[in-house]
């Protein structure tokens, strides 16, 4: 009988101990996770390195890279349709000259589908979080210790 | 079950638009609270992956097949990559095999946690355990992001090895996460598995006897939940599972509680596997380069991998081109769903039991639809 | 570990069904592939299940060899005791795609046969309800997994 | 012709005459109190549920931890369109959600907040009157379930009927235990009788039965079977939208409020408590509100811990376990009343 009562109240104790813990969710537009250096976000094209070989267009599993001509006579540069891109980074890995890299920007949602098609020049500008998320104030890194998870908040 | 005249039977449909149904429509014939017939109507997320894979070479193919079971990505990609390696006749370096085992076991934990959260919520009432499982996936996702670059669908495996090395500086962060996770598992057991009302809802519900489990084709933890010790990692050790000692977990009862307990203990086991894999991971190359434009030798290969949901097989047939001629994927959830549909014929099922039974099988409808 | 069990299984099958077996070979440890004449499918299947204990069905698939104008239906079976995978194959002509359904031998092939029927157009004679499984009910676009299926989108690859 | 200001003056006189009645009806146990309680209970439940799930919960509405979130939700739902299914029985469809909160709020008029602060004394039979009115409450989910003409709602309304029968009888029997201890049906006399010792001590078994009965009657977890999202979408409330849906939500919390108040009156000594700062009326009310807050917090706490019973398990608990315990409690009450009358 005692074991029955203990079993009934044990879930209460465990759940109540969670109420005192700090929540694991973060206040997104004001705080944001700091991703690792090799995070696979939006692409960044280095125009000088790209020789227009088209390897990224051929390797892409979703056919979302097209080589287009930016200026007459110059090499053709990749245009990426982020609408159907699955961020698998095959293009980055198989680019012989390392012209395509990936930044840690994931906020690429737009209201019109055409805006998701990034022409080379738009790909070439390095993205900045600030103008995408103006309210961003803190940056978080996850720190795991034996007994709990801690978010270290650092002002930006 | 006595055949009710169609007048009294009410057919309820849990359409794809339903708080608990997921991407499937389940038709239930009930007479009051008693369930006579469960008919899962799948196909809502059929993308024709087998057709897509016929137009992808072996390096590109990893990306679409991973989308079959997003929550258990590494194991699915592993089966595709092993089939390709078997046809090519190459063996990835030792270190790559260890990295693959670590990522696959982390994926198993993530998938079991996700399924566990849903199974907890299927018993009703928004228990806190449902979101603890989501919170506890966070440290692992963070680790995977450090190794592979993303939190889901890593596209990290390639025939011949993996794309990046296992960064040594996150080794102690990995071990700390494992310790933290083991303590979290303790909280699950005390708050949920010893919860009197959960026991009354999950015990002796949806009992699957061992011979029925084999006859109907249950897969993975659902098979082991009925006491049948079938685990590809032990029966046909692939990668480096033969160098790691772990035990196949089975539970004799075969009811929903047993299936969830098997998944719970498999998480504990996976933590041990990962620890051993990190300890004795050799140094050396992590990839043997295979060019994506390489023509595959003519032949076929059937690779079996123990995913979190059960045994998944990829049968790759190649006729000498760069793209495989035909890829047949054996999906575990399709077998599980057939078992669920035969449930009312082998045990007595009430209407309130259907979500408990369904989510004790941990279905992933994209896996069944391919 | 060699392949004694696999060889024993092959010998057992060959000794009972000389004429029905077109070819039987051990692909690699724990993988057996036998090709059976279409009319003898039922007996071989019953023999596999009762005597050789291949009781667990993994799945049912088909391959469309359009150049040789034939389909190959493959039953992936697993024996839960010896833990060996057996691929039971049968070849049927493309213009007359009929094969006996093995649902009376293994109940679990129900969904798999329905899926192979809707993807390839191979009718399994004797299957209780050969209806759509994955494709929408009102699908008339032909059989998707056949090699001559027209792909509309930018697939091509 | 009666001029306008004559009407106004006569109305003002009428209000001045029975000012106390209007305060009672409109403010303390009346409309404002109920609305405030519902708002607070919804906010507390969402915030507590979130914290137990390691989430933050409502945050932005109202600057300080989202305490205006329920009001924001109310305004949002208020502007939503009311959709009535085409083949639903229109009159009954509108009737059920309107009357349900009214009936459950009606029972609060019998609860004494202070020795003379009760809306309707009930001429000595207020406990019976309470059960009579609250006996009507399960009728409206049935009407709503039938009127919405939807498979989920019919199953859910039948479940409400099973559940309420299984819960009413244990409640009545445990209330009988209290009546034996005091010898009268009047709630004020019951509270006065508890001045020396609260009835939760002698009638402890009855209190447990009553508490479980409250959970079943107000459909809180683990008894929220009629509104089981996992099985039958949203139970008998599936077809409601807009303000009708808001009314059914409020009905759930008002039911919780009325049954908790009765539990406090029967077992936790109603408005008994040390008098603070010499103002007896305010301190009595204060003690009632404190006990209400603690009891509601405990009931809401159940939601994060337990899953839901199956309907057959809930009925088995009601008939097989609660009723025998309630009968044992009655015997204990008789023994206490006859052999140790001094301790009450």
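The letters A, B, C and D name the chains in turn, as written, and every chain counts its residues from 1.
The definition used in the following text is that a contact is a pair of C-beta atoms (placed from the backbone, for glycine too) under 8 Å apart; a residue touches a chain by one contact, two chains touch by 3 or more.
This structure is a prediction, so every number in the text was calculated from the model and none was measured.
S.K.: Which chain pair shares more contacting C-beta pairs: B-C, or A-D?
M.R.: Spelling it out, more C-beta pairs touch across B-C than across the other pair.
S.K.: As a test of understanding: of all chains, whose mean C-alpha position lies farthest from that of chain D?
M.R.: Centre of mass proxy via C-alpha means gives C as farthest from chain D.
S.K.: Suppose each chain is reduced to the average of its Cα coordinates; what separation in Å results between chain B and chain C?
M.R.: Inter-chain centre distance comes to 25 Å.
S.K.: Between chain A and chain C, what is the separation of their C-alpha centroids in Å?
M.R.: 44
S.K.: Chain C to chain D: how many Å between their CA centres?
M.R.: That gives a centre separation of 63 Å.
S.K.: So how far apart, in whole Å, are chain A and chain D when each is placed at the average of its C-alpha atoms?
M.R.: So the centroids are 49 Å from each other.
S.K.: Touching two or more other chains, which residues of chain C qualify?
M.R.: Where chain C meets two or more other chains at a single residue, that happens at 156-157.
S.K.: Where in chain D do residues touch two or more other chains at once?
M.R.: 52-55, 304-306
S.K.: If I count partner chains per residue in chain A, which residues reach a count of at least 2?
M.R.: Where chain A meets two or more other chains at a single residue, that happens at 11, 15, 18, 24.
S.K.: If we count contacts the way the header does, which residues on chain B are in touch with chain A in the complex?
M.R.: 56, 59-64, 67, 128, 132, 135, 138-139, 142, 145-146, 149-150, 153, 155, 163-164, 173, 176-177, 179-180, 183, 187, 190-192, 194-196, 292
S.K.: Under the definition above, what is the set of chain C residues touching chain B in their complex?
M.R.: Per the stated touch rule, the residues are 27, 30-31, 55-59, 61, 63-64, 74, 76, 78, 80, 83, 85, 87, 106-108, 110-112, 115, 132-136, 144-145, 149, 151, 155-157.
S.K.: Across the complex, what residues on chain A touch chain D?
M.R.: 11-12, 15-16, 18-19, 21, 23-25, 27
S.K.: State the interface residues of chain B toward chain C in the complex, per the touch definition above.
M.R.: Its residues touching chain C are 42-43, 46, 48, 50-52, 55-56, 214-217, 228, 230, 235-236, 300, 302, 304, 311, 313, 315, 317, 323, 325-326, 328, 330-331, 334-335, 337-338, 342, 369-370.
S.K.: Enumerate the contact residues on chain A facing chain B in the complex.
M.R.: Residues of chain A touching chain B: 4, 7-8, 10-11, 14-15, 17-18, 24, 35-36, 38-40, 59-62, 86-90, 93-94, 102, 142, 144-149.
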